[in-house]
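After this come two complexes, each holding subunit A, first together with subunit B and then together with subunit C.
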Partner chain A sequence: MLRIETRRSVALLLSPLILLAAWWMAYNGMYGTMYEASWTGVYIWEETSSTLKDSVLQIGPLVAGLSAWAAGRNRRRGMDDLLSTTARPSASRDLATWAGAALPAVAVYLLLAVLLGVPTALEATWGAPLPGYFLVGLVALLMDSALGLAAGYYLPGRFTAPLAAVALYIAHLLPMGMVDLGINYTFLSPAAYSNLTGADVFSEPARLAIQQLLLFGGLCGVALCAVALKGGGARKTARIALAASGAVSAAGFATALSTEDLYVFPGSGDYPKAVAYEPVCREGGITVCVHPAYEKLLPETARAVNEVAEPLVGIPAVPKYAVQSSPAPGAATGGFDPDEAVFFGYAGKLAMDEVADGIVDSNLYDHPGHEDLQPTQEDLRRCGKFPRKYLHPDVEAQTVVGGWLRMRAGGSRSVYTGECPNADKLVDRFAALGPTERRAWLEKNFAGLRAGKVTLKDLP
Partner chain B sequence: MEMNVRAAEVTRRFGRTEVLKNVNLSVGRGVFGLLGPNGAGKTTLLRTLATAIEPSTGSLSLLGFDPKDPGERRAFRRRLGYLPQTLGYYPNFTVFEFVEYFALLKEVPNKDVKPAVARAIERVGLGDRAKSKMKTLSGGMIRRVGIAQAIVNEPELLLLDEPTAGLDPEQRVLFRSLIRDFGERDTVVVSTHLVEDVGAACTEVALMDGGGIVFRGTPEDLKARGEGHAIGDSPLERGYGAVLAGARS
Partner chain C sequence: MRLAGLYLRSRRVGRAFLTLGISAVVAWALTWFLVSQTPYGVRHGGLTMMLVFGALAAACVIGVSAHSPFGDAERAVARPLSPLRFSQLAGSILWAALALCAALLTFDLEGARPEYPLYVLLRNLAFLSGIALVTARIAGARLSWIAPFVFALAYLTFMGSGSDVLAAWANRSYHGLHGPSWLAALAILAIGLGLVCYFGTRERVGEAG
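For the complex of A and B:
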């Protein structure tokens, strides 16, 4: 039965496509960004584990749709009458249909685990695999498939499959979106509780795997029992199993709500489970320190940081250290004095922009999420309309000098420059100064600039 | 004579409509024909005997099993062959896969599945099309595949609902021969509106109308009932018309 069901499964036919989609999303999604430039080439177990788990976002809804299609097939083909008169219990038949749809997806998931896990095992210098993440992804995949099967069984129409896929995709994303509304049910999504990108080596992941396994495993059981109930046969057994599965799922839900990990944002400064580590450093004009997981990128990082800081060498108040830290807002500074250090989250060339911003602004990390850099009503009046790009009065001068540092080091000119006022022109003007004049201005004003006491009018 | 099918006061309702009305029926070995106009209740009776639906009231004994008991029902279904009036199929299955699927569902022992499937396909004359996909077959061939799946488990009770619909004359002759073979060992119940099928293959016949059985006897008995009746091209058709006219008068 399983052989026939698997062989005729649409999921089997589509498995190369599913693998391709999952693979593409996994690698582009790694480090939480779709931008290829941010791929640093450093493999980290937690990122690999969470990337694998999060691939359920793509694979899960797809396999749910395929299961729904397979489940509705008998009704659509007018086979119900004939099938109902066969000896094999309908539950066994439905289980084979489910397995036929789910197994190719599970195979894709396992293959993806190998494809991501092997290079990580060979190259990672920090951490260990997270089996809880692996299992949450696997069970969520089975749950999605079972929910799709139930949907197709109860509503065997042609539109059930795409609707089930879309509904599950939304269901997986919705809990994470609800956080912004103050409703923290993120554990309802298998993609939740991955550590903040880049923060994973600095703090332990949230420990909700067991709760999520109970929740998703229970829901998987509920869906399968609902199918068994609809199919007839041993109704009493199915009802008992349904109640037991519901209880398991409810237990997962209730215990998740009561864990302390529920209300924390992994990787953030107030996260209590920071991981101790000894940074690896390279001395230079500025001493650059990175997390040992990123040791491979230390030379490249040191070169990028010193290219940015090169014009400032020897000027008092210029930080002596550039230190990799968790990119989460308000993250711990690893014991470095913020007056003497500039912090960056992403190692390698990506450190360049952060260092350029941080080196001219000692208060950079006091602007969590840059929320207080949003335009005020006064700013809007001043600019006449909402600026496409915005330069806040409090950091205008710092942004100009930071933009110049970035530009001369080969990075982007500025992040916050634009229309009101046009800081690009100011950066160009600062860059056009003679080296002696600029150095003299920097020696005189850098401490004030870094403290936020220099305005646009003070710029040469 | 051992009765393989016993129905006692069987009634089946769909909502407020009573489709079967207190049907009493006993069928032993041989080929038993069910005749009747559209809506007489033939298909519902066959579905009930096939355990696709349960009777609203009354009792059944099928091959000595009580279908109300899950264990006995399962045992009965292993020995049942059923061809529904409308045969659904999976278009991408090959003929062999389709029949194999039902062999597995009927719990034919694993080691016997492949030879049983090959034998069933051969018996309906589709040996050369075993690897053809269902979607490439004509309507008559699909009907024959349906018969193949019904006989793949060598059933002791074979229920066939309009089995000859869509078959060409040559295939119909072959089919009648096939069910006669089955009837010599087992019980075959054939629902049909083609009275010539009854004449050629059935050892006994019942005529249904309005949800009840209005006649039961041999084909010869039915022919005898038609003597003196004007409507019909053959003695059986005249008998059929006479019985129906009598039942409705």
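For the complex of A and C:
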């Protein structure tokens, strides 16, 4: 029966298309995708595992719709009465119908795991696969399919399949959207707890796999038992299984809700537990260290950093190290002394901007009251809509020298000053100085500049 | 008149209109919930529920409602079916557009061009309905929801990428009255309507599984 159901399943017919779409979206989408691999060529296991899990967001609702559609097949063909006379219990038929829709989706998921996992296994320089993410995605897929089947049985009609798919997609998205509203039920979505801005290799991944497995597995059981109850047959067994599944699901919900390791709200100031790692470094005018996951980008990063820092080499107050650390405010500095190191979040050429700013500002990540630096009316009047913290009176001189360093290294002087034309003019003036004069000024004033004691009036 | 009535009943038009209305109300309720909970108002993706999901649900219902319960037998009738098919589909699209626009207009559409969300909603509805109707001709009306669903998934996957064309379809801040995208949407809708009105929907593939 399973073979027949699978063979005639529309999900099987569509599975190559679904696989192709999921694979393409994994590399080309913006969020919950292979961001690092697409943009930097760096494969990171956490990102691969998240992307695989998040593919449920695309595959799951589609399979739910197809399951709902398969559930209505006997009714559409007018075979309900005929099938009610068969010897075997209807639950076995329903289970086969479910498997016929779910198995091709599972096959797609496994193939996607291979397609994403093989290059990661070959290229990744740090970390390991996260089996919890993989299992959550798999169970969520089965849950979606079972919920679709139940919807098809309980709400028969031509509109059930598409509406079940749309409703499930919204149900998966909504808990994540509610995070921004301060409502933390993110764990209700299988695509939750992934990194929204590329892989975060600096912190421990969320540990909610077991709770989510219980929740989704329980819901899957509830849906299948509901289908079995609708079909008749072993009602007592189905009721017991329904109660047990409901209890498992409720246990998953309750434990997830009480877990302290919940999603950390963006901007809340909290940060997940830092992960231990040994940075990989390359010596030069400034020694550059990156997270081992980004080892592939170390040569490019070292080149970019040293291009920026080249005119400052030999000046005593210049940091000795440039270290990749988490871009989150307040994140750990990996044991490096902030007075001796400049920190950057993104490896590769992107490090250039952050190093140019950080090298001239010792307090960039640790500025007193930095989180409270909201634009004042005066800032808005002078510099437009985006004054940012770099236009704070204490750091304006640093902004000018940082802009010059960036421009000199081939970057844009206007990354942070574009809304403030005066700052651009000052950068040009600083760049127009003779090399000897500029070097002399830097040697004399760099320590003060880095400490935020040099004002715009002190600039040459 | 009687023929038209019977035709509309065979397409479950009453139920389709009811479902379209309920979809608009649900999309409005979700949008209201999201918008009322955030200080950003309708900005920052708060209207996605209406602009994408509302249009998607409507397009799916419109595509599925093109299904004929009589299959090939219907093609043997003496009177032409095209006007009936066109009236039913155009009426459904119009009703969906009215319901969604009415729901959308209850929000305070702030910004320099508050009519942009309306343009985007109507364009998405036209485009997704057109895709659904083309699919109904190719794969059968009952499975016609799959293609618009995949397109909507693509919109949302790319919504954050800013410069991407697909993102522009989901995000009201891009191409509010963008000529080429409107042209594409109307062309797809015209092709879909033309195919289904002239040839009807395909029955075999949709009923295979």
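Everything below uses one rule, namely that the second predicted complex is superposed on the first by the 293 of 460 C-alpha atoms of A that agree within 3 Å, B and C clash if a C-alpha of one lies under 4 Å from a C-alpha of the other, contacts with A are read in each partner's own complex, and residues count from 1 in each chain.
Keep in mind that, in the parts below, contacts are C-beta pairs under 8 Å (C-beta built on N, C-alpha and C of every residue); 3 or more make two chains touch, one makes a residue touch a chain.
None of the values given here were measured: they were computed from a predicted structure.
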| item | value |
| --- | --- |
| A:Pro175 touches, of subunit B and subunit C: first, second, both or neither? | neither |
| Which of subunit B and subunit C A:Arg8 touches, first, second, both or neither | both |
| Subunit A: partner with more touched residues, subunit B or subunit C | C |
| Partner chain(s) touched by A:Ala165 [first = subunit B, second = subunit C, both, neither] | second |
| Contacts of A:Gly231 with subunit B and subunit C, given as first, second, both or neither | neither |
| Partner chain in contact with A:Gly218 - subunit B first, subunit C second, else both or neither | neither |
| First (subunit B), second (subunit C), both or neither touched by A:Gly65 | second |
| Which superposed partner A:Gly127 touches (first subunit B, second subunit C, both, neither) | neither |
| First (subunit B), second (subunit C), both or neither touched by A:Gly403 | neither |
| Contacts of A:Gly157 with subunit B and subunit C, given as first, second, both or neither | second |
| Contact residues of subunit A, present in both the subunit B and the subunit C interface | 8, 73 |
| Touching residues (chain side subunit A, partner subunit C) in the complex | 8-10, 13-14, 21, 25, 28-31, 33, 58, 61-62, 65, 69-70, 73, 76, 157-159, 161-163, 165-166, 169-170, 173-174, 177-178, 180-183 |
| Complex contacts: residues of subunit C adjacent to subunit A | 12, 15-16, 19, 23, 30, 34, 37-38, 45, 49, 53, 56-57, 60-61, 63-65, 67, 142-143, 145-146, 149-150, 153-154, 156-161, 167, 207-209 |
| For the subunit A and subunit B complex, residues of the former touching the latter | 1, 4, 8, 73-74, 77-89, 93, 233-234 |
| Touch list for subunit B against partner subunit A, complex | 47, 50-52, 70, 74-75, 77-78, 80, 82, 84, 86-90, 92-93, 97, 100-102, 104-107, 149 |
